[in-house]
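Next up: the structures, one after another.
Two complexes are shown next, each including subunit A; its partner changes from subunit B in the first to subunit C in the second.
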Partner chain A sequence: MNIQGIGILSGTGRGIKSFEQALERGPATPKVSMYSPATNKEIPVFSIDNALLKDPLVLKSSRRADRFCRMAVLAAWDALADSGIKIREEEKLGVIVATAFGPHKTTFNFLDNILDYGDAAVSPTIFSHSVHNAAASYITSALNTQGPVSTLTDFCFPFHEALRLAEAWINQGRCQYVLIGTVDELSPAMEYICDQKCDINEEGKMKPFEFSDKAQTVPGEGSVFFLLSKNEENTKYCRIKRKNEAAVADMFILESDGMITDETVYKQLDTGDANLFNASPIFGGMMSSTGFHCASAALMLKNDRIYSKFAQDQNSHARNSPDNIVSVKYCCNRNKAIVRLTK
Partner chain B sequence: MNEHISIASMGCISAAGKNMAETLQTFKQGHVNIGKITLFETDLDKPAFEVKDYVLKRKNRTLSLLLTAVEEALENYDGNLAGSKYRIGICIGTTVASQLNNIKFYKEFKETGRSDISPVNEYLKGNLADALAREYKLNGPKVVVVNACSSGADAIGTAMSWLKNDQCDIAIAGGADELNKIPVCGFNALGIISDKPCAPFDKDRKGLNLGEGAGVLILERAKITSKINARPELFIAAYGSGSDAYHLTAPHPDGRGLKSAISEALFQANITCGQVGFINAHGTATPDNDKVEGKVIKELFGPEIKMYSSKGYTGHTLGAAGAIETVFTALALKEGWVPKSAGFKNKDEEIGISPLKQNTKVNSKYALSTSLAFGGNNAALLIKKEA
Partner chain C sequence: MGEENKKLKIIRKKLKVLLVDHLSLEDIKPEDIKDDEILFGEGLGLDSLDAVEIVVLLQRNFGLEVKDLNKGREIFYSIDTLAKYVAENMDEKAE
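Our next item is the complex of A and B:
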């Protein structure tokens, strides 16, 4: 499949240009932190400024949408806009939203209602937004598209499963284009869970190439969407394919972002003398981070360059720009999933 | 791409029965096993369809229900999943199991800023597809579909896409959901839970009853079925889906997403509406759903089409519904009769079509199961029986 457009919303800002500029600038530490009463300390987080989630034009059919849905709608809208493609009705646009935790913040708001007001006095609006597919619903309304739509959830490989389904839909001819993306958000409860489950770097520094058995992370949130088309068409960015096994590549993105504690498994991967890359120091650690890694790969392939500040080999700007990039993610059970992006 | 997908085996559990045989008995006798909610404390005095006298297989009730349905499917399966040389995928639909909604965890966190993390650990272990993969040591594709009330149907459709796209050879597909306090409170707030047993498509319908259960199909690419030496009778002939792009909770007044889903399924199977023998409708018994769905069915298939809703026997089982009803549809095709639509008495002239009032013999090759959902998701699964 070909990537024709990218929309992205993360701690770096909104839009692929903003993401590109963040890649130029190099690793960052988050400006936002959250106080954890459990540990009596501040936890740095790569969170999205709420001011970015206000766009009356794009969100006019999503006025009641929660933060999770707004993040998804804006990234999906931007991916389509970035492509410049006007999809005709008969071509059909599919939508696949993947998430690890869904709109958990809204679920907790609903629990607030139950706890504060009792079973019979809860808000129907909050309940209807607590279902995982609310974001997909808002996307289809915003884009007025009636093609196939699905929301998938997986803790390990949500983006890979979305890619798998997109490939099947396009091959089956169910649609000519598919908007696929991931969305996950932070909340006080999720930050607490991250603090309990992960080792958080208190200085806000991601260290992706340490491959430690006590890996650290800085929690992040965001949404990234790609407009995909079939291979036969010209591509704005690059080709993308989910793979079962890692092949030879010019560059490997190792998605070591501290979301699994033991990252020594990444050392076992045969990457030859390929350059290693990881841009998570601008968006943080997320269960659904693969889409963000793929966005960085797509930009490198499109722009014929390496954002060397995120490469293990800091002198990699002297290397040839990659023609193919493999992004590898391991889960805590040591299963891995791979995406290959090529010019 | 047009390879046949056979239904190699099935299993289900709901208030209508803990397996397919019990379910058929319930349908034959017209029993409606509805009662007070006993699974959790609630201020709401609403009836629901619980699976009674059920010994949990796991602490996680949704997973337990799913395992019960899978075990029945495996008992009836000619092949062998353990140690299989084939690529076996798992695709399960749900709503409740996907949500981090543990009240005890959240209450403690809300009050003190900290909480025992063990419910979160249980939640992280509770992804239904992951749990099945661990249970049966399967390494094919696996994912959970969370399209609200069409999740079960869409999970079967997703598995079908995998099989047709050579991403696996066999798939365990279905849906599961437990009766849970969150949707009970939520649907009550929406004002769509009936105080009485639900009456799908009836002119005096007052809303839905919630239920719980699981439905599972073992699907195979036809070439695999022939290698296993089985002769399947039942097939998933086609799957279609479409979005309303209209409203988060209300169906599009003209049912445009549902029409699109049904049209896609018929087109994929290369058949006409006239070849569909009967329809297991989503039929939740809410005023909006039944009006839109009934009108679409009448418009596409005519007022004489045999149709029914099985929710009068199971309640609305949310993420499980589409899968349970696909099992019921396939069972009805196989058995040659469909149950009456429990709860229905009087025709709603605004809908203009009535579901079956009696258990009815059928002799058709194709049957349709429809699902509508929050978010404007619509799904249609076309089941085929071969003589």
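Our next item is the complex of A and C:
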């Protein structure tokens, strides 16, 4: 499949240009969040400013949309706009939203409502937004799409599973284009979970090439969407494919962002044959971070360059700009998933 | 009479805050809503989903249940009509 457009929203800002500038600048400084006033504990997070989630044009009929849905709608809208493609009704545009945790903030809010007011006085709006498919519904409404729609929730590999589904839809001719993306949000509950389950780097620094068995992270949030088309067409960015095994690559993107504690498993890719890359120091650690890594790869392939501040070998002039990049993600049980991006 | 007006004024203020907070009325402050402004359609622009939310808000905050939809239309006309309904029917414990 071809990547024809990218929309992205992260702690660095909104839009692929903003993400590109962040890649140029190098590691970002996270914000500080106190997830529980009771404990007074502060942790670094790569969170999105609420001001970025307001757009009267895109969100004109999404007044009730929660933070999770807003992130998804804005990224999906931007991906389509970035492509410049006007999709005809008969071509059909599919939408796949992938997420690790879904709109958990709203889900907890719904549960709190039941505890506080009883099940008869729960807000119907909160209930309708507590389901994982709400974001996909908002996207189809905002873009007035007529194709198939699905939401995939997977703890380890949501983006990879979504890619598999997108490929099936396109091969079956169910649609000619697919908007595929990931979205995950931070909340006091998520920050608490990260604080309890992960080792958070208190200085706000991510160290993806340490391959430590006690890896540290800085939690992040955001949404990234890609407009994908059939392989035969010309591509604006690059080609993308989910693979089962890593083949030869000019560059490996290691999704070593501290979300699994033991990252020694990534060490085996450090053979010296290919440059290693990880841009999570600008968007943080997320279970659904593959989309962000793929956006970095797509920019490098399109622009024929390496964003050397995120490469293990920072003397990237010694390396050729990559023609093919493989993004590798391991999960807790050491299962792995791979995405291959080529010019 | 003065006491009743004072009570209505407090309820109106509370209702405006509740509407802005719970109906996600972006860029609208409670004080922007006029007491006699039509809430649905051409006025404040609320819709049927907001009506359901208002039913829940009345139940949660004032212990009131609005089951008759025809009556609901009159009650939900404006902040004035809502406040009057609340003042007349409010469970004393919810005050």
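Here, the second predicted complex is superposed on the first by the 330 of 343 C-alpha atoms of A that agree within 3 Å, B and C clash if a C-alpha of one lies under 4 Å from a C-alpha of the other, contacts with A are read in each partner's own complex, and residues count from 1 in each chain.
Definition applied: contacts are C-beta pairs under 8 Å (C-beta built on N, C-alpha and C of every residue); 3 or more make two chains touch, one makes a residue touch a chain.
Here the structure is a predicted model, which is why all the values come from computation and not from measurement.
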item: Clash or fit (per the criteria above) of subunit B with subunit C on subunit A; value: fit
item: Winner by number of subunit A residues touched, once subunit B and subunit C are compared; value: B
item: Contacts of A:Leu111 with subunit B and subunit C, given as first, second, both or neither; value: first
item: Which superposed partner A:Ala120 touches (first subunit B, second subunit C, both, neither); value: both
item: Partner chain(s) touched by A:Arg63 [first = subunit B, second = subunit C, both, neither]; value: second
item: For subunit A as apex, the angle formed with subunit B and subunit C - C-alpha centres, to the nearest 10 degrees; value: 70
item: First, second, both or neither for A:Tyr192, with subunit B first and subunit C second; value: first
item: First, second, both or neither for A:Lys54, with subunit B first and subunit C second; value: second
item: Touching partner for A:Ser150 - first (subunit B), second (subunit C), both, neither; value: first
item: First (subunit B), second (subunit C), both or neither touched by A:Phe209; value: neither
item: Overlay on shared chain A, then closest C-alpha pair between subunit B and subunit C (Å); value: 8
item: Footprint overlap on subunit A, where subunit B in one structure and subunit C in the other make contact; value: 64, 120, 122-124
item: Of subunit A, residues touching subunit C in the complex; value: 54, 63-64, 117, 120-125
item: Parts of subunit A lying in touch with subunit B, wherever the complex brings them together; value: 36-38, 64, 95, 101-102, 104, 107-108, 110-115, 118-120, 122-124, 127-134, 136-138, 140-141, 143-156, 161, 164-165, 167-169, 171-174, 189, 192-193, 196-197
item: Of all residues in subunit B, those that touch subunit A in their complex; value: 1, 42-44, 95, 98-101, 103, 106-107, 109-110, 112-115, 117, 120, 124, 127, 129-130, 141-148, 154, 158, 161-162, 164-165, 167, 181-191, 241-249, 256-257, 260, 264, 373-377
item: Subunit A-touching residues of subunit C, taken from the complex the two chains share; value: 22-26, 49, 52-53, 56, 59-60
